[in-house]
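What follows are several structures.
Shared chain: subunit A. Partners: subunit B in the first complex, subunit C in the second.
For the complex of A and B:
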């Protein structure tokens, strides 16, 4: 039955290429039809604006009767996306999938998810908690991540940068990604972030 | 795998919503969405519970789809291991001969008033209905359906049933006279 999957992907691929939508893009990975890379741009008026986010799409043999397996490979600060692994919590990629949905719809839905988070159905509890209790800090953090990892424009938050530098001085074995992750997890409280690193060592 | 790239808008209207190819063994849901029967069958098999239309998520089931019979299709149809498409359901047109046509329905009723009416009107009702079937000119749907379900079979069956009723009515009448 992989035949129907391959045929569908070929058609869908053409559909996305032809549709000429600027905000989404689809690429084949090394001529393997069942493994693709998708790109979406961050929606306007969100912390993700101007960023370019990559998703890895794996097509199961039973596609389109089962949903594609999609995860972000660009690091992202969002309640419904794991900040560590990029795993996405989105109903249409699980039980709400329908066989008539296409990769184009999946990409557009991911874009919509960036505009409208569902903090009550979180994938990343830490991010969801920050989203609900310290929303302005959440927005600054999400923006900082989009600028750092997805190439979103604009000057980086100087306060955050200072904290990252300080973190790296105290914990020289950590890299910059770890520093950002740790500080974000602890609402940019540098003492708690460093304490946690040493605790886990 | 045939590459049908430069399709016109016209054929795209008849693409299966699941395989995105021109629908084969087409069925249509009550919500109006078109699928190949093998595609839809597999979708329904994937989700035995909570079956929904793959397009609009309206309720859907094996019994709630209508097969589409185009001209000339479905003869070389390799239905493989899949169960055949569900049958079409034919709704009778509303009868425009109100009284006597309904006669034979009351023949065996309990109510003696209807009984006598039914028997009296029966022959007329029989002729009216058989004339209507044979005339057929105002009823193109009937012809289409026969094409799909085996020609003339339907008509013969109808006639047989009518004759059977006539005989039963006669026997009943005799019995009434004897009693």
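For the complex of A and C:
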């Protein structure tokens, strides 16, 4: 069974390599065809613009009858992607998968997901809530994450920077990632974010 | 310049190779043509006749006339629902080694009536009529007038001895006397004509029989003598248009074509992989029309495999598993339960009139069932009154085990605590109990490995809530989707 999967992936790999789309890319992880890394660039006119996002793609033995297992390894702030684990909520990676789809389609769909979130079918409830109730704060946060973790260009939000530094002063055992995660979770309310860290200690 | 020379040379070489291999095939065909056919005149009289490549029906009648002392003009030869005309060359008519032909004496009174009734093409063997159905309109377009019908096959699953998908042969007999002496009134026009009994009529030429219903059956063309043990596979076809497989994208000669509008094509190897993966996930679908089956891997509408025999490609053991799952699924959908006794697991359909009573008996019928009487709600032994709390039942069980332990005497000092922890069965049962929750409908222990609280039962398809342990609702989604 794995042979069918491997044969299919080799062809799909060539398809992506040959296509001249600049915004998606596939790489093999070592020599194992069933484990790949994909890259997508953040779509224009979104907080993700100019960022480069990595996804880890694992091909199940039963591919293409079952979807590839895909998750982001670059941290990002999006209602349909877990901000902690990178797990993605996308219908074609679950019950809407069809054997005729390819890795190229998957990568293009992920890009489309970055342009058009589905906050009513969230993977990360906190992000989804922020998206719906404080949309401008959501956009600033998503931009900050894209700049910090995905190399998107432009000056970082100075207010956020200040709050991170202050957070790290109060909670010296936490690292920068934790600080960003905590502050984002609490809509950049530094008191609540710090309180929560001590509560969970 | 050099490259074009090379190309020319390679082309010439391949032509030459083609020529010699083709020549070899032709020779083999000629050598292979001395066949024996069996002519059946009555129940007990079967006459073997050797035939050569160009032998006509006229010649075989001559031989039979002298052996049977019947005037040659009164003999009729029937094969696969059709009368063979005198000038027909036997081997053109799908007649192979060990084929049985039927000889009948002309029924005097009916000659003038029966023949005009027959509209079936007398020049076309029966198998060919179904083979033509295999060709799609676009096949005809691509192949044009150059269709060599001998290259076209329809396929069967041969259970014995081939155990695989083989080219098939179609035969017909009289549904009344089960003899091959029936003359078909018309050729089958579609698979339904062949697969459902009594759709096509004919006239049985057997003296003592007045049957008029045609009964079709299938044989494997890959071995002689042919047994009747072959199931037709209507979705398996020759891939004349060289459509690549939807899964591996290779072009195979024999493929399965799903009945969806897009006619998605899958090669047999990938079809096997597809069936196996869906079987392992219990993702076959129970349908009213076609039973426990699969849609095409693109999830098109109206793409279900229409006949379970296609799943025989799974092989004997996996096909048995398929049948077991199909039965279980049917029982669950009908609201039935499975006997909870270890090693039994028989499916039990519940009588609706007894629905107020929780007591279920696993009856011993036809070698199934173990006689265990249990409660439908808690799946423990039958009891009077409300179900016991589960930990109470568990404590009773532990006590019972300890009693068993001590009753065995005290030859060895065994730490009871350790002994109870070292029980394989019990510790896995405790682990299962600790890490799972039962599906609210079919009570299958279910583990939640991550994600949200929205569970989908892999066995009975119920969507339920991990927290409420009841069917999933909008309010579960609103208040505790992620815990």
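What we mean here is this: the second predicted complex is superposed on the first by the 201 of 201 C-alpha atoms of A that agree within 3 Å, B and C clash if a C-alpha of one lies under 4 Å from a C-alpha of the other, contacts with A are read in each partner's own complex, and residues count from 1 in each chain.
We adopt the following convention: a contact is a pair of C-beta atoms (placed from the backbone, for glycine too) under 8 Å apart; a residue touches a chain by one contact, two chains touch by 3 or more.
Note that the structure is predicted; figures quoted are calculated from it, not measured.
When both complexes are superposed on subunit A, subunit B and subunit C end up clashing with one another. Looking at the shared chain after the overlay, A:125 reaches subunit C, while subunit B stays out of its contact range. In the superposition on chain A, A:133 makes contact with neither subunit B nor subunit C.
Of the two partner chains placed around the shared chain by superposition, subunit B and subunit C are both touched by A:66. Contacts of A:29 after superposition: neither subunit B nor subunit C is touched.
Of the two partner chains placed by the overlay, subunit B and subunit C both lie in contact with A:100. After overlaying the two complexes on the shared chain, residue contacts for A:19 are found with neither subunit B nor subunit C.
Only one segment of subunit C in 170-178, 206-214, 278-286 or 386-394 runs into subunit B in the superposed model, and that segment is 278-286. Annotation: subunit A residues 1, 4, 7-8, 11, 62, 64-66, 98-100 touch subunit B in one complex and subunit C in the other. Touching subunit B in their complex are the following residues of subunit A: 1, 3-4, 7-8, 11-12, 14, 62, 64-66, 98-101. Touching subunit C in their complex are the following residues of subunit A: 1, 4, 7-8, 11, 62, 64-66, 87, 96, 98-100, 125. Put simply, subunit B touches subunit A in their complex at residues 1, 5, 17-21, 33, 39, 42-43, 46, 52-55, 57. Put simply, subunit C touches subunit A in their complex at residues 246-250, 264, 269-270, 273-274, 276-278, 280-281, 297-299, 451, 481-482.
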